[in-house]
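Right after this note come the structures.
In the two assemblies presented below, chain A is common to both, partnered first by chain B and then by chain C.
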Partner chain A sequence: MRRSFSTVVSVALNSFSENVRNKFFAVFAVFAFAAVYASVLAGVMAVDQEARVLTDFGLTLIELIALAYALFNASSVLLREAETKTIYLVFSRPVPRWAYLAGKLAGSLLTSAVMLALMGAMHLLLLRLRGFPPPVDYAWALAGSLLKLSVITSLAFFVSLFSTSAVSTLVISGVIWTAGHFAIETRFLAEHSPGVKGGLLKAAIWLIPNFQLFNVRDSGGTLPLAAFATAALWTVGAGLAALALLWRKEF
Partner chain B sequence: MTVPAVSFSGVGKVYKRPRLLGAQFTTGIRDLSFELQPGEITGLLGLNGAGKTTIMKLITGLLFPTSGKVSVFGYAPSRTEAKARVGYLPELPYFPPQLRPVEALAYYGRLSGLSGATLSSAVGAAMSRTGLEPHAGKRVSEFSKGMLQRLGLAQALLHGPDLLLLDEPVSGLDPLAIHDIRGLLAGLNGEGRAIFLSSHSISEVEKLCSRVLIMVRGSLARTVLRAEWEAAPGGLEGIFVEAVK
Partner chain C sequence: MRLLAACAALLAWTAGSAVSVSVYRSPFPPPSDIHVSAEGAAGDILALAFGARRLFADVWFIRLMQYYGTPEAGPGGTPGDSFAWLLPKTGGGAAEEAAEAAINNGAGRYPDFFPLAMHILQLDPSFTGAALYGAASLAFNMNRPGEAEALLRYGLRYHPHDWKSLKLLTAIGYSRSRDPSAVAASIAPLLKDPDCPVMLKQLAAFLDKKAGNYAEAAALYADILTTSRDPSYASNARKELALLAARGITPR
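Right, the complex of A and B next:
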């Protein structure tokens, strides 16, 4: 067990190192800094609501950019390792498949966390330069974004193991992400729709995670314990589903 | 009685390619039985699509047999006990271009369960043995094809495996690199390690191996011992051409 844990750590650190050395990470970083900086313009245009707009717009951009990178990375990482045959050198060794998958997932989440932290630091610096104090719930907002990324990354890993290309994984994961932000509306529609339509919507409520749970603004400034528990359940659940596909996958 | 390094018993492999409606099935190998003994160098010859890589992947657990049984030192290929004793060099191995050879080897060494001083010494030994030491400061992106192949061999040797599986180990290499790799393989065999290598180069197989398996369209067409091809007028090439025709 200790050896398997050490394998998870090795794969995670290698995955993180490869991610940050990848040219796409640099491209995303440049784009992220430019986009976060652009939130200053939106803030200035808001006149007396500048602090709020600068905070909200910046946090939204940070989350969307981190999402785009996380999805791009999660949808291509397993496919890339299979195409380059790197996976041959891993699975021909005594590496349990669950340890490899857990390591890859941990490496992706570590990259997302670093990305969020860097963009968050830049955003706070911009707020300070404009003369505003850091919002009290800022760290919670970033934690909420990380929980969302944890769930969607795990789901994207699962989807990538049965979809035919990275693009289809991106599309399916993108649809899940969007639908997950309308969970309350879906529940309302399910309760008021009769027949098959209502049944389908009720199924969707169970099959798609409720990302609204992780929005700090909707939760009164902090994240409830339920949000962490839900994120953990979805991440582990999607990870186990991915493992079921990887277990007998041939390369 | 010695446990064979590899044993195939009535093994078949059928590939299933999903289609929009149903699936397409292709036979990789059929009803294949053979054994490799510890300390033996065995060659695997065959035309493209004969099933050479399928056999290698079945031994490493990258593929699962559709029928029959594969065992490696008495264990199923997916078992840790089997994998810990096998070193695998795939055809045209890939390493992240930004890495230095020591970094790549340290990663694969850790995956093989090495750590601390044992890992450092195994990496150093593999670098020295494959002639990579003078290139330790370079990144993989600066490596030639021959150096990449040496790095591929180094990662296969790291954990001191009892069986080396080499898929086209001299493919595309210059004569000097081929000479060096041949010397290295002979040395490894001298230490008692079994080597199973697939190749399109009949002359290389002829120089290194004591026994050769010839695959034709997924079936074992012939098993040839060194004494047989040395006595044959056309050598191993003549036997191979006759078998695949």
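Right, the complex of A and C next:
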């Protein structure tokens, strides 16, 4: 067990270092440019609500940039390793498939966490330079984004194992991301739709992850313990589904 | 083994959904509450799709300020109409004072102001700054206290203990009965709050000046000058401070 765990750690660290070398810092340049540009605009247009506008814009941008990077990585990593035959090399050694998948997922999540932390630090620095204190519950907002990213990354790994290309994985994951933010609307429609339509919508509530549960960036406040439990269950659930598919693959 | 993993996956996913369904209560208004013109619908869909209601509420707030900051092309309301609540109940020659209150371009009809302000709260009812700004502008600048109260009451449906909205609601009630000193007393606790719109501070300074409390008025103008990032309010505060200083009154 200890040996398998050290395999997971090795794969995760390797995956993380690969991610860092792969246009990782270009992302921060994009974020820094967009954030500074927004701060100039917000200073002119938002007047007395500049702090709020800058905070909201920054947190949304941080999440979307980290999401783009995480999805791009999750949708292409397994396909790329299969195409370059790297995966054959890995499985020719005593590496269990579950440890490989868990390591890849952990590496992706570590990358997301580091990205969120670095962009968050840049954002707070910008706010400070504009003369604003750190927003209340800022860390909770970033934690909520990380929980969302953990669920969607795990789902993207699962989708990438049955979809035909990285693009289709990106599209499917993007649709799930969007649908997951419509949880309030889906529930509202389910309550107001009779018959089969209502039944389908109720099923959708159970099938699609409710990202609003983690959306502290939007609703404010802190994350309940149940949010962490839900994110863990969904991440593990999607990871196990991906593992079931990975076991079917011939390498 | 594969079947076991698939069953475990389904079980974990269902357990996650069960927790989510049982604990999640939306802090936002239902979608049936969101009313927006066709040109704003795409933005609202994006707001919902990316879970960015706050950000899009900010965008709508900027639009509201741009709308309110643009002089009306058609015949607008006169300052005397808009600031009627400042006139004494029994008549009298206070029209000049009321006109003086129409500092910058606060007076007018601005027919879309209320739906725009309401839309911000429909997206994010916790945006207290927008609620206070919208309601204060409607009640004190445009003499539309009914709409101002409706705006505040909408926000209070989702945050019933928001003392700032409650204070402003009381102040609007006093403005209906044309009692400027009671209005000033009601909004006084709001003035130190970071969410307090600068136009309320300016109104309070004006009311203080009108009541002869020149030192308090000077303190408020000094506060506007140091805290507001709106150049028109800052320049007006500078002008008022200079006038008060000429009479030997400095901020307390």
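Going forward, the second predicted complex is superposed on the first by the 230 of 251 C-alpha atoms of A that agree within 3 Å, B and C clash if a C-alpha of one lies under 4 Å from a C-alpha of the other, contacts with A are read in each partner's own complex, and residues count from 1 in each chain.
Here, contacts are C-beta pairs under 8 Å (C-beta built on N, C-alpha and C of every residue); 3 or more make two chains touch, one makes a residue touch a chain.
These numbers were taken from a predicted model, which means no experiment stands behind them.
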Overlay on chain A: chain C relative to chain B, clash or fit: fit
Touching partner for A:52 - first (chain B), second (chain C), both, neither: second
Partner chain(s) touched by A:18 [first = chain B, second = chain C, both, neither]: first
Touching partner for A:182 - first (chain B), second (chain C), both, neither: second
Included angle at chain A between vectors to chain C and chain B, based on C-alpha centres and rounded to the nearest 10 degrees: 170
Partner chain(s) touched by A:243 [first = chain B, second = chain C, both, neither]: second
Dominant toucher of chain A (residue count), chain B or chain C: C
First, second, both or neither for A:86, with chain B first and chain C second: first
Which of chain B and chain C A:7 touches, first, second, both or neither: first
Touched partner set for A:94, first chain B, second chain C, both or neither: first
Smallest separation of CA atoms, chain C relative to chain B, angstrom: 13
Touching both chain B and chain C, residues of chain A: 248
Residues of chain A touching chain C in the complex: 43, 45-50, 52-53, 56-57, 60, 64, 178, 181-185, 187-188, 205-207, 209-213, 215, 217-220, 224, 226-227, 229-234, 236-241, 243-244, 247-248
Contact set on chain C toward chain A in their complex: 1-3, 5-6, 8-17, 19-21, 23-24, 26-28, 30-32, 48-55, 58, 61-62, 65-66, 124, 126, 129-130, 197-198, 228-230
For the chain A and chain B complex, residues of the former touching the latter: 3, 6-7, 10-11, 14, 18, 21, 84-86, 88-95, 248, 250-251
Chain B to chain A touching residues, read off their complex: 57, 60-64, 80, 83-84, 86, 88, 90, 92-96, 98, 107-108, 110-113, 115, 155, 159, 165
